[in-house]
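Below: a set of structures, written as structure tokens.
Here come two complexes built around chain A, the first alongside chain B, the second alongside chain C.
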Partner chain A sequence: MTTTNSYQGIKPQRPWQASTKDKAITVGIFLFSIAFAYGVVLVSGLNGKLGMFASFVFIFVAINSGRSYLQFGSALAKDSLVNILVAVGTFLTLIPIVSILFEVFSKGYKGLYLGFFTRDMSLNSPNDPLNTGGLGHAILGTLILVSIALVISVPIGILTALYLTEIKGNFTRPIRFLVQAMSGVPSIVAGLFILSAILYPITKNNSAILGSLALAILMIPTVARTAEEVLNLIPNDLREAGVALGGTQWRTVAMIVVPAAKSGLITAVILGVARIAGETAPILLLAGGGDRYNYNPLSGPMGSLPHFIWNSFKNGTPESIARAWSGLLVLLVIVFVLFAIARFFGNRKVGK
Partner chain B sequence: MSTTETTYVIPEKRELTTKPRFSDKVFRGVVTGGGLSSLLILGLIFGFLLYQGFDIFKSQGLGFITTSRWDITYDEAGNVLTSDFGLAAMLIGTILCSFIAVLIAVPISVASALYLSFYAPEWLKKPMVTIIDLMAAFPSILFGIWAYFILMPSGAYWAKLLNKYLGFLPFFKNEQRFFDSSPFIAALILAVMIIPIVTSISREVFAQAPLDRIQAAYALGATRWAMIRAVVIPHGRNGVIGGAMLGLGRAMGETVAVYTVLNIVFAINWQVLFGVGGNVASLILLKFAEANAYEVKGLMAAGLVLFVLTLIVNFASDLLIRSFGAKGK
Partner chain C sequence: MTTENNGDQEKMETKTTPSSLSSVASSSKRKVVNTKAMGTGLEARGVHAWFGNHHALADVSLDFAAGTVTALIGPSGCGKSTFIRTLNRMHEFIPSAAMAGQVILDGKDIYDPSVDVTKIRLQIGMVFQKPNPFPSMTIGENVLSGLKLAQLKTENKDDLLEECLVKAGLWNEVKDRLNAHGGSLSGGQQQRLCIARSLAVRPQVLLMDEPCSALDPGSTLRIEETIEELSSSMTIVIVTHNMQQAARVSDYTAFFLSDGGPGQMIEMAPTNEIFARPRDKRTENYVTGRFG
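What follows is the complex of A and B.
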């Protein structure tokens, strides 16, 4: 009893943690760097927030690592230098995304009103005020384009994934490489391909289905690679159990493996849709523009969100650019929602 | 105790065979067919672009990739009188912009991948990974318009600074004082676009660094940086290079985001801060709008060149990532 009591008065020591003095010195260096950076901004060619930030980071890094070099020696000085550098790198990664989100929301909400989602632009010129016209036709067009691309690419993508995980034939390695290569095909090349293979020789006119074909080419690799990862996670026990019960491979895959991987496969499809929903270049070549509702995917130019944004951006009037930002906001929200759904399905445990 | 007579019915001998059944044959056939579709599609892309662009390759020869001009003249009836296509400026511009983009993006991506793998507190890790993955899914038109309105002024600001203090280097010269729409700004937006891709690949590579060696390094008294230098970097170097190559391939094929910020001119320009540049993908979009049938053939040929270029880069990246996978085990 006495021994335990004697321990209770002693606080555990943590020599590796920064002492109050160390913390005070760090804060001091921090404040001094801000002041010094401000001075640099005043006397040199650096100016504005960007110059302030850059010179602050540079000065802070220099002083802080100099101090740890004097106090602790070179090993710890390098360590603290890298500490700051990785934090700065992460910060630089996050700046663009924060800026993009901020700009799109702050510039995009002005053009939104209820009719924006139902009306089309057929009676509007670029100079019309923001409470007229809308992108209903573009939303419909994007829906049609994406649905057709979905119908084409999902079977092919999932079959490819099944080949890579279930059959594992002689072509496994080349096909895995080809899928990888396909995911690197520039979107404009996919557009040119459909142009050269179908639009010029056969149809000679823009239509939604041609755009969908190009989008399908871009979507297949995303679906195939994500689906392959998901199918690889299915435990082999399930496959062996299916075969041991007398099932053929077809029954095993169709009744056991695919249902077990269902939520993951849905994730794969949704990530594919998110990849193509905002794809612009092939749409510009193939689907044509169109500022009115078009319900027929087989003929006539079909509007779409990327095309609406592109046109509004190119028109260049203030109202038109405001419409472009609003269109971007709508597109961004769609990508957000798709991504959230994919996360929801992706986080569910495989096999349940 | 009487014995009852029991009759044993011996079933007919089952036929044991390893031959796949009919349903399996169909299944394997369909799945293999689906699997080979990627080969078919890539082959068709190559074939059709070659077929359509063949006239151009024949009339221009090697000059198509070594000269830089894009001239076409018509008579009144719209027939082509003379045409001269050469992609050199566009190709050099594409490669230049993508390389600068990778040079900017890789250090930042590796730093943030290291932070996410070894420095970030647990509660911060998951949301940050989600945000970076989300950024990788942003459409390129979003990046393009953001770059035009927001990034361009900041980019021009940095370009002026670089020119002021490092202007004696030939790369950073800019006599005309025209800083907007330069290859440097195009490279900045490409860097922003590939940072999420390179970051997530680097993070996956770092996550596979062997835990026993990490702990051994710590046990020997290594600081975090010493551990990273001794264990993580030698282990993941090839994977990171492969990720960078993948980013390079993406950057080369990017169309819309480059189109909005780059001033496309048919002249080879190595001064990255000067607002004159080239890009194959953007050229196709730029010329397509008013091109007639013959000029479109030239664009198809340009598309084929771009396609082959990205295939080569992707192939190299695949080899590097795979060699990493073999070593990692």
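What follows is the complex of A and C.
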């Protein structure tokens, strides 16, 4: 207790951080740049938000770099210049994301009410007020479409990843190339393929299962690639330890490698689901649409969120367009929640 | 070769060797040996190993008698680890690897095409340089994982679990938290967990590839005690960079060296002789610390 007496008067400090005075100067330059940019917009040919932003960035960069140059010389001036440019780039990236979110939330919340999530549109016309009808059928449809696609593509995707990381056979290179190429296939191609291969010649009718097949084609490469990366992170020590204990390769993979990679594999699956949840083109072609609950994935058109959104916009009445925005909001929230879950599993340490 | 070395040997006796080495080496005594479970030892005959075109190990013949501890010493890159990995067929996991020669266990070549390699690895267990407990398993599950991997049956898992952990010198530290994850242990405890894990399938031979190189001196001491206890019931081969360790734990020592070409086994002898009266000049230089 008393030993601390000898250190009296010494407080923890952070001399490497900017002092209050420096921070104040930076804020001052920031405000001055805004004011100056406003002046530039008033007197020169630059105008609007974009002109304001461009002149602000230019002035702010110039003053800050000049200040660093006078204080520390050219090396740190360049450093400060690049720092600001990186910050500007980040800001520019955020603009579209934030404005999309803002737009969807501000236009979408009006159509939301409890029944919106449970009712369907079978008894409603596009002109009906916003407190009638709903997208329950579309949520159910999306759930059915995604679930079937999940059941098909998760085993195939993970087995492909296991082939690429564990078996490493002669076909590893071409298969890895094909998987990477497939992840760039436009969704309409998958849709048209199922359309011409199954719908026209065989079923001749829309059904959810056909939509799911097309979605599975899109989901397999995402699952396989992510799972491959995750499995590659599992240290080889563990595989050797398993084999050295008398396990066959299959038992070592099943008992040690896959459990160690479990959280990453769950992330791979969720990313795959997020990839297909909003796919529109193949669903329009194959699952059709419909405005009522359809519980049978094997026959008849099935609604889905992307179709609901597309159809509501197409109807064009103010109520209908408001419903479309609400549908977008629901879809975005679902995808965001999926990504959040994926992040949660992805951030957990391997094995625990 | 032996005749011309005899003269050297006599001279060597008067030579002063590092006292720590000679004193512990001479104390490595023969133990009471339980012969029924540990087979007849392991024998390497003319083993070569390659990685691609790189000839890493040339013509190593060594006899590991049942119930003995043999240390493999030598500078880095001399093929000790490569050699020990040929002894339980872990060498073949490296894609470009190749080998020649025979490794005889119970009178049969383990590289014979009719041999089930998973059975071989059950009989010849391995402990690796870096502790590698299975991260998805608890401490208890880790110890018993070999049974599950090899689909072996056992009457009483709890007894086996306790027996293995006691033998590995870990029981007292973990008996109250067998359901904790293996990763929650310290490095030395993890390595002893890995030893317990390899004991659970009851191997005749235990290969240890620098098992203490990642550990602190205290943990190293515990593992050396464990080796001492285990050697009454199995054959142990240990690769080590630490000559004091070789002197402390082993009955026999084999010295490996590469003179730019493939690694070779220079000489093998009872440990106290290797350190007190090495027959080969190169061995003498190495064990007296003149190089390497």
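Keep this in mind: the second predicted complex is superposed on the first by the 269 of 352 C-alpha atoms of A that agree within 3 Å, B and C clash if a C-alpha of one lies under 4 Å from a C-alpha of the other, contacts with A are read in each partner's own complex, and residues count from 1 in each chain.
The working rule: a residue touches a chain if its C-beta (ideal position, glycine included) is under 8 Å from a C-beta of that chain, and two chains touch if they have at least 3 such contacts.
Being a predicted model, the structure only gives us computed values, none of them experimental.
Touched residues of chain A, counted separately for chain B and chain C, are more numerous for B. When both complexes are overlaid on chain A, the residue A:A75 reaches chain B alone and has no touch with chain C.
Contacts of A:R119 after superposition on the shared chain: neither chain B nor chain C is touched.
By the touch criterion stated above, A:V86 is placed in contact with chain B alone, chain C being left untouched.
Looking at the shared chain after the overlay, A:R323 reaches neither chain B nor chain C.
Touch criterion not met for A:H137: it reaches neither chain B nor chain C. Judged by the touch definition given at the top, the superposed model places A:V179 against chain B, while chain C stays out of reach. In the superposition on chain A, A:R225 makes contact with neither chain B nor chain C. In the superposition on chain A, A:M255 makes contact with chain C only, while chain B stays out of contact range.
Residues 248, 251 of chain A touch chain B in one complex and chain C in the other.
Taken together, the chain C residues at the contact with chain A in this complex read 88, 90, 93, 95, 118-119, 121-122, 125-126, 128, 130, 132, 134-137, 145-146, 148-151, 181, 183, 194, 197-198, 201. Of all the residues in chain B, the ones that touch chain A in their complex are 20-21, 23-24, 26-28, 30-39, 41-42, 44-45, 48-49, 51-52, 107-112, 114-116, 119-120, 128, 130-135, 137-146, 148-151, 154, 157-158, 161, 164-165, 192, 195-196, 199, 223-226, 228, 246, 249-250, 252-256, 260, 281, 284-285, 288, 293, 296, 299-300, 303, 306-307, 310-311, 313-315, 318.
Only residues 168, 235, 237-238, 240-248, 251-252, 255-256, 259-260, 262, 350-352 of chain A touch chain C when the two sit together in their complex.
Only residues 45-46, 48, 50-51, 75-76, 78-79, 81-83, 85-90, 92-94, 96-97, 99-100, 103-104, 155-156, 158-160, 162-164, 166-167, 169, 171, 174-175, 177-182, 184-190, 192-193, 195-197, 200, 217, 220-221, 224, 248-251, 253, 271, 274-275, 277-281, 284-285, 306, 309-310, 313, 324-325, 328, 331-332, 335-336, 339, 343 of chain A touch chain B when the two sit together in their complex.
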